[in-house]
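Two complexes, one shared chain (chain A), two partners (chain B, chain C).
Then we have the complex of A and B:
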């Protein structure tokens, strides 16, 4: 309607003699166009094309949206019948729209901006009105209470926009901020004004004698909005205070228990696609979102931010490392928490958590991994290299909060960076830097490979190559960690041997000097050496678990291949490509890695042959039985190691054998290892099922293999499950 | 039913409209006229249609494939399958597979190093079709489509160049 009014008011001239008819020029130009010509800006490519709109195409032209009479005639300056219940219903739906927007990745126009009151408030801000009332019904519930609620939600949106601008996550993918060109967020009043407005509304509600559930509900919505307005404190002041988050959880729980007893129905037309038709819209028309029916999304938001805030309590690089490893791993955290993590961790003042410079933080990792105080590598390259290394380390931390798909892609890029770093450190002969860089690189290579199973990137026929490769990588990791462990042991022995030497020396200056040296080492180095030794013990257990689980998967594939149920190649003949090319494409991310070198395709093939038993062999059954026992034994070892790690985590790393550094993420870590254990058990059961089924049934052509994630298990190790082919079922 | 496969006639406006209608009905992504023109006008030789010459509308496409080919980061030639659709009543007869094979054959002869496409994670039929031909999933893309679904990026390698990271192919060229 607004557009119609503006267009209607356009008037160039009434004097038609002054107008020049240019139609003929267009006709002439068009007549020269060939059908294949596209008239476009040279910068307009396919990406622009897939985002372009089209007039008169109902899927792509929001001006064709058909609005109902209620939507067209909706008047914001009228208080609807039963103001208390209608205002409560509007505030409730608006808050549930926030959940839809932020928890369910919906767009801003189909959620928060679909509320006519939000649109009106932002339009008023553009026009220069910075304080309410933004609509004038004459009813305080509408003009003040609803006004402050909408103002609070807009303030949250402003904060979200600030988070999005930090460039941590991807717009459209993780978060949508299509403001329909209502760029009024910077005109919003300051936080204290918004808070005051909400508190005033709460005080106003206290004066109501009404004891209905609607009034209680409305108070909760205002309190929730107040908590949302406070979210920015975690970034603006790096506040670790969780009071508002706890209140958010408390109020959301209260609302959840009330909602089933309430009949909330916002006035017709108050939530609508009106804004998409009416405002400048660069996107295709979309139905407004039906928001979730409860406030569980706010509980997730608050809990996830609380988890992220725990990183502030980190006392060591081990703890920050383990925190980043796990906080977003078991489930994808709320997008706000995922953005907040790197922003809180890597601060604007170029410090880590306000405690360490970037390079000091980097050195801390080296120190805790090697129990040696790192000095710069002896080369002119040293300083630059440390700088580059610390940047790559920070990128690793940032990657940990990406969405589940970007997380793997980030590692794809990271593994070349760490490989290049390792090569550079080797060229300046810096052992402790090399060890740690190699450790990081191998860990990333393993994580990148196994994450592919979680994302269902690999087909069953690829399982062998992937698991065999990760087995190969984890063997290298075990070797590296053993080497690091030897270094630590030798440093510990060197200190202990000083004491023996002191006892043998006669009193004198030499003895005093050695005693001093020994005391110094015991006071300043021994603790770190013991901690590192125990951390390496833990890493070794972890690497051996990975190695064993991969080996078990490889054995299972070998068994399945022995029965001709699967092979490590496509089961249909290929017309345009071949087995080797496909294998090499799969391993493209690793083909430039210097150490450990990617084995040739032939090595993969040969190893599979070694894991396969020829069915014609007389010892087939005996070998199969031996394999079965081996798998059982390996699973038992894995489970034993997992139990040891879990009990150590639960004991807060105080058992004197292992240090896991999981103090900040104790529960999550226990959950992770419990899932891993469940998976290992499921794999063991699957082995038995495979063997008994295939031994019983002689027609193995009817079977195929599917990669199935164990329920409540860890998806990095899918179960290679036997399935009957469709045609046999028929 | 007798299916005949033929290349697009870019001068045939009726054919263009039929292709658009066929794809619009089938794809989750609404494409503007520009997207169709972008592909069909620039790479008309890489669009093929299938018609049922025994039907009452023997010249109307009942299936089509729309592709393009261009250099990827200036180091390898990449063929891209943009759209593939077969009218629902004609499915299950291998028409889509034949269209894909014709298009890949053409792109291979045009010296493509690889063929790439994206498909919805939930589109099992498409995944089975492409993976049966040797395509593998390279990455998963979070909420790639407007219908909010994730997508897989699939690649079929045709030459060794497809199996080396672009960065290293660039370095190789510089050296």
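Then we have the complex of A and C:
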């Protein structure tokens, strides 16, 4: 009865006899609400509502996209005038859209999917057509050649989707795959069909007698597409063959030299926002991307994949470790290369590079670091602990290919994992595991801290605390490495002393046994001991460089503070916080680390006092001069160490002095140390500039400090640069 | 009629007509005092074409009409009636 009463009070429209118009009813109910009231689903978070599209708002509503007549009337079944130049222009723009999508982090709908032919092909796949032709103009250039090119690009997109699904990188951040619900990639024909289609098109073009540049260009675009279709071989078959990558580079270079001579203009309407207006779309309208003007992006893609493939040649854990350390460090690699690295390295068959089980690979690290064959810790926890450790190690490897920001974030998470691992190994008294775990943890803590300077996370006033802390960490690292070195030395001495004993012993069974033991050690252990010794020498040099550079930065801060140009606290008064809270927030990631313990805030303050010279002191100038000499000397030591490392990298690991394990990334490593050297020199120059400027000018209140990255230098050590405050100019 | 409140319509599928034969069909997530609507899982229909648009806010000024299917309204009312009966 009540139901009928309710329905009876509402008007049922004539047009839709199953629909009831509730507009007035809603109006009436809303008018009774307080102006600020929102009636909502209790499970719905209004913050989520901020991501909604707004109907009738031209910035948010893709239905309001205005299309030109050419876009609206674009007919895919019509061959446009001058088919050769038109098809070449479409294929060229489509490939440049691929670069825009993958190299410049643009969205799929504003790049590849803005091509009407791509949309058409994917729609056809949804409808069940998988072998083409996808459009029917009657012209082979459109129907076959362009068809195969678009098919190839879609096949690449399918591969990219597969990579994205592996969950290595973050969608929207590293790669966009908004397919506008054109989920037809799985309906694409197999790789061999796509390749055949492209080869047929190339053969077809061979029959054309036209000698124009357009024809040459079109052939290049097909060859490039063919190379792109082959990219999946590196994952599907773990192929290390670089022929297609070399061809990609070669063709891209040829196109780059041809492009300036070509006037390529795709038919009006062939690239459009049409898809955004007509397909399922949960995003605001966006202009289609203006793609890059050359094919340099493909060269970067191919070079970066080639770099990643080098990891297959690693002969030791030192080499894989150094590879992961450096390959993505100097510049962020192409997203495809960054995804491929962990997928190639940590394979689906649960092996590392198809050679080692996860735990064997882990043990290899311990063995190469300690020159001892590790046995599982005797505790009942042993097996589980090794498994856990190997997982954490693999996570470290995965983290190395993350984008520059996620890389640091990943280390933040790893800090706790390595710390807990070290504590667990300590509880089962396993020295070699402890040493290596501690080494990894300290290295990660240093990397995490210094990476913040690269990402410009720290304010200038925080530079002191961060550098002093890294100095503190690197001191611990140096101590640890010295201890490891002692162990190695003692093992080497033990072997040598066997030889002396043999000489002293009289002939007999005892002598034979010792001789056998000695030979075994010389044949099986000495090489590894020497390699590890030289690797530790390298690590010690590296740690001492970090320690020295941090100390120099700390001294510079001390000088600046001595002149009252900066202090290690924010100069803006804070209403809701204080310097201690801000300091503790910055050091929060290290708060729970057991060893080395995070120094108290007071310790930071006290140390700064020690680095600061009182201006009233009579010995101010003398101490300043001494500081300047110290910095100069320290920089010289740093540069000397860097030069030694560089020459050893160039000489390879058989140089007899240092084993760097950088054989696979030799050039990159040299580049890295060269940058570091340049930075060290820049810091030394800065010291002189600071002192001469501040000694000359008595009004130091007009100066402020900025953290500036040295051009072509290494951003982990910014230059604490003096700047004149803006109001002085006014 | 008085028995149904706005909160009863939350989660219901509304058919919202906008200008130029544009219809948005979606599940009501929120509504404010100005009758601005927030709809989720929105399907847009223009002529014979249809596409999905996800979460869409519809300002009152754009709304020409709000409709609901008769069976759904009947269910809403029935549920309300049952609920009120239980309370009594």
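Annotations for the structure displayed:
In this text, the second predicted complex is superposed on the first by the 682 of 730 C-alpha atoms of A that agree within 3 Å, B and C clash if a C-alpha of one lies under 4 Å from a C-alpha of the other, contacts with A are read in each partner's own complex, and residues count from 1 in each chain.
Simple rule for what comes next: a contact is a pair of C-beta atoms (placed from the backbone, for glycine too) under 8 Å apart; a residue touches a chain by one contact, two chains touch by 3 or more.
Worth saying up front: this structure is predicted, and the values here are computed from it rather than measured.
In the superposition on chain A, contact is made by A:33 with chain C only, not with chain B.
By the touch criterion defined above, A:53 reaches both chain B and chain C. In the superposition on chain A, contact of A:459 is made with chain B only, not with chain C.
Of the two partner chains placed by superposition, A:654 touches none, neither chain B nor chain C.
When the shared chain is aligned, chain C comes close enough to touch A:181, but chain B does not. Of the two partner chains, neither chain B nor chain C is touched by A:131. After overlaying the two complexes on the shared chain, residue contacts for A:82 are found with neither chain B nor chain C. By the touch criterion defined above, A:173 reaches chain B but does not reach chain C. Overlap of the chain B and chain C interfaces on chain A: residues 35-38, 40, 44, 46, 49, 52-54, 57. Chain A contributes residues 2-3, 5-7, 9-10, 12-13, 16-23, 25-27, 29-31, 33-41, 44, 46, 48-49, 51-57, 62-63, 181, 278-282 to its touches with chain C in the complex.
Those residues of chain C whose C-beta lies close enough to touch chain A in the complex are 1, 3-7, 9-11, 14-15, 18-19, 22, 24, 29-35, 38, 44, 46, 49, 51-59, 61-71, 73-74, 77-78, 81.
Note for the complex: chain B touches chain A at residues 10-11, 13, 24, 29-35, 37-38, 41-42, 44, 101, 104-105, 108, 114-115, 121, 131-134, 136-144, 146, 148, 150, 152, 155-160, 162-165, 167-168. The part of chain A that touches chain B in the complex is made up of residues 35-38, 40, 44, 46, 49-50, 52-54, 57, 59-60, 105, 172-174, 284, 403-406, 408-409, 412, 416, 455-459, 462, 570, 572, 574-577, 581-582, 584-589, 591-592.
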